[in-house]
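What follows is a pair of complexes built around chain A, which joins chain B in one and chain C in the other.
This part shows the complex of A and B:
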């Protein structure tokens, strides 16, 4: 059978879009939430209060605490409070695997903070589906490739790209779904392409390791050192510790680092209290587009002399870092963060309308199909409900679990995550058992109620009404999303569109 | 930064509106009659000028490196908002910037 290019692209767009659409919706929605990961983290740790202290004061408290409790540790890591994250956290030993303690930035006293999956969970799900790292990254990468294919095939099959640039015709059944899908895809195309392409570039060396394998024998560390002028690594724990020597005052170093690099995110002190101590000043990631992870300043811990950094990036590395930065959206402050969030939510909506369109278009055709065909069609309908509205319930459900699970529960963060997946699984069961429209209505209603009720939950569980402006903002945003969900439930209750119109449109819309 | 951000958002929406109204089908959608050739040209021309102005506004808010990134986002979002608003509230879609302008001027005056 001979096919035109448009026909084969339409086939690719339809079936590729359907197979990966569910996964892509989940990746895009959690990615949008991850834009506000630290804000969600903060909401999920109500024990931490907002306080304004200078960096110098916070560091002073942290060092006093560490000297009291962990004078012999190999390293101290201090995470400074910031605009986005008012917590002062100290970690002893390795920065990632060491034991962390939260301190009150005003008094320096340790705080008891609940163990929570936090907004970080959405971030982890976004790039690895919360699976073991490598398989997860590969699956997400495959989905991202499929997204690029769907975008390009979508552009090819869209016959009226500019003519229908601003076109949306509501209340016209399939036509409206197609208009919504096209408008959100076309108008946000720069965002879709940018976020998918830069997302793929982050793990490009994992997806395409050939160059690394042949030039560096697969040794990532050598490659990294050669391309990014990493400062002298502070010497690792020695068998004979260097003699005790007092630490240089930190306030002048903080001022010097701030003047050079802008706002700081933390301080790392290797071998504190010894003659070979090093002090690393870490900057926040958002001073420029390029992701500046690890590009910090290192000082001598005894004399306070500047030893290294921040390094200049080679052009090739800078280009790569700019792509990472474009994806991570750490630059441009809250206005930029909001643009990314709204664009991300609309991308998710674009994918969702595509998935719904698949079923709307085939509803009549499959009604006259064989039993197997009908069952498969029902599976697609149920998966749509479970992935789109079920994920919404699970995401807001995670915030509810954070307040409802007992604070003293062992491995609490793990239970929050298990709860998230349990809710999602239940939504699939519910979608399979209930008739289609009821399933949509009930799950969207539940999501709306959970969103609208969140401020109430937080008042009851924290015993304090909106004492914290950051948590208040989060709750206002969640309530707004809840109203949007409630509106969609209300729309589902409206009588169905007349069939005559659909029949007329049917012939025209067949190709798309 | 906030004034520059909101100002360029207003400019971005206005530019999309002018470009959109420069198309016959959307002009008819709001006014119920076809635009004259002169009207179409003026609308399109001012649309492109506003587009450039909003880019300049974004550069004021973020600088010339980050500005264009935010500019694309603003154009996309305001274009999408316009497409959704047109069938439901065509007059609001058109007069929206006129309501937005005094609000922004007030903000500008307050922020100094």
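This part shows the complex of A and C:
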């Protein structure tokens, strides 16, 4: 096939990058948005007001409501308001599949909150493309492997690694695209490698179960019990259900758990009001870098005695959890979130410039190609437009749908998601039908207009002028992104002119 | 690159893609299993280390499939996987035979 290592790696980088680039762009962009998933969730539920209450007060309200309405439930789950998400939510039964109710944290009265896909949608799309879980995470895993291969092959072909680090030649068409691609790739190389590798590590045992098969005969349960010192098994009651016994006061337990683990995210009460009640205090993810999901404190629900504390992790497990934590970006508060967001957007831009570079490089050559070749090339151009600018339209479109769809619509969250995909599909059709530059311009303009108009939409639909500082921040950020998009539209009008002007000036300079 | 050149290249390229993706996966699977058995550590630690390293191995094998001098060379990883799989699963094998 190819003679030299550089040539074969260039081939792999180009075609592998093209085939997976579209998917990777979507994964990276939604991943960047998912950094602010709870903030977007909050924006998408305007019925919930910002309020500051202590955890003890919020829990008191929640328990009073649950005792009134769901005294016989098998379990109560209370999600506490936080800096990122001022909602107090109670779920009856299983934490993931049970029925949730939002409460006013100040009064404990139930709130009617619209059903929405929320910022959680971006998170779900990021790791499973919003597909059924297993096929979704396998496709995302394959794309992540492609990213790793593209990064390493990219380093191999990029010989003047450090020299070109400082090279940028603006307004030089293809050279500029290449420089932008190289600069964003090299500058953030540690981030690209880290985020891709840690992403793969999260589902490592699903993607590569070899060691599990070899050492545990594929028995994940046994491994799971061995790898973390497991909390005490809940005591089984003699009779079912166990006799009624009042619940221990929660305020002292909250204080004890907060002192030991830091900020709390919620409380789970199993068998509330029975003699075999258990209380689990869940900590906020991100009290430390290592992702500590499920490592919480458990108390006896009657005596308030501590049954199990957060387990000590062995070094190998801690290393694995730190890798998860580095990917989930729950640590370090808002400065760290912004850093991840900016890096994620730049990664997306790096992938996008690579995709554009592919077409810019071949534009002249394909003019002399056969009909089939030209059609394929046109498809690549259209997919570039639809995936890059079309996805931007669909993402901001999801926020618009959240305010435009009727609040009482049945399965509203599902319609928001369908709307998102419908917009995305339409953008592909539009990109196919319109001439290339027009398609870019029109879709980017639409995305910019939707971004810039978002504060207006929220004022009109919510009837309150930016009373909520969290929603205001989100809208300010979206407007800033809108300005960035508008700038890119403006740039699209410029290059031809500037390019020739520059050439003339350059020629004159040489003459002089 | 002429059109004829592209068609004659199609098969070697398909072969390399398959060698990298599938052959590479088989090799990585076997190597990870072997490493898990051979690491002189607790089985929890051995499992995590071997599993977390597997993606580096897989990446390198895919790169090898495209860097190899001929399309046939790219497939070398598959026979290489056999002895590794034997190491990785010899306890299972002994159990079967006993």
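Please note the rule applied: the second predicted complex is superposed on the first by the 485 of 512 C-alpha atoms of A that agree within 3 Å, B and C clash if a C-alpha of one lies under 4 Å from a C-alpha of the other, contacts with A are read in each partner's own complex, and residues count from 1 in each chain.
FYI, a contact is a pair of C-beta atoms (placed from the backbone, for glycine too) under 8 Å apart; a residue touches a chain by one contact, two chains touch by 3 or more.
All figures in this text were calculated on a predicted structure; none of them were measured in a lab.
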| item | value |
| --- | --- |
| Fit or clash between chain C and chain B when superposed on chain A | fit |
| Touched partner set for A:205, first chain B, second chain C, both or neither | second |
| Which of chain B and chain C A:340 touches, first, second, both or neither | first |
| Touching partner for A:289 - first (chain B), second (chain C), both, neither | first |
| Winner by number of chain A residues touched, once chain B and chain C are compared | C |
| Contacts of A:331 with chain B and chain C, given as first, second, both or neither | first |
| Vertex chain A, arms to chain B and chain C (CA centres, degrees, nearest 10) | 90 |
| Chain B versus chain C as contact partner of A:183, first or second or both or neither | first |
| Smallest separation of CA atoms, chain C relative to chain B, angstrom | 20 |
| Chain A - residues contacting chain C, complex | 1, 5, 8-9, 11-12, 145, 148-149, 152-153, 156, 197, 200-201, 204-205, 207-208, 210-217, 223, 226-227, 314-317, 319-320, 323, 370 |
| Parts of chain B lying in touch with chain A, wherever the complex brings them together | 1-2, 5, 16, 20, 23, 25-26, 61-62, 65-66, 69-70, 72-74, 76-77, 79-80, 82-84, 86-88 |
| Residues of chain C that touch chain A when the two form their complex | 3, 9, 12-13, 16, 28-37, 43-52, 54-55, 58-59, 62-63, 66-67, 71, 88-89, 92 |
| Residue ranges of chain A in contact with chain B within the complex | 165-170, 183-184, 187-191, 194, 288-289, 326, 331-333, 335-336, 339-340, 342-343, 346 |
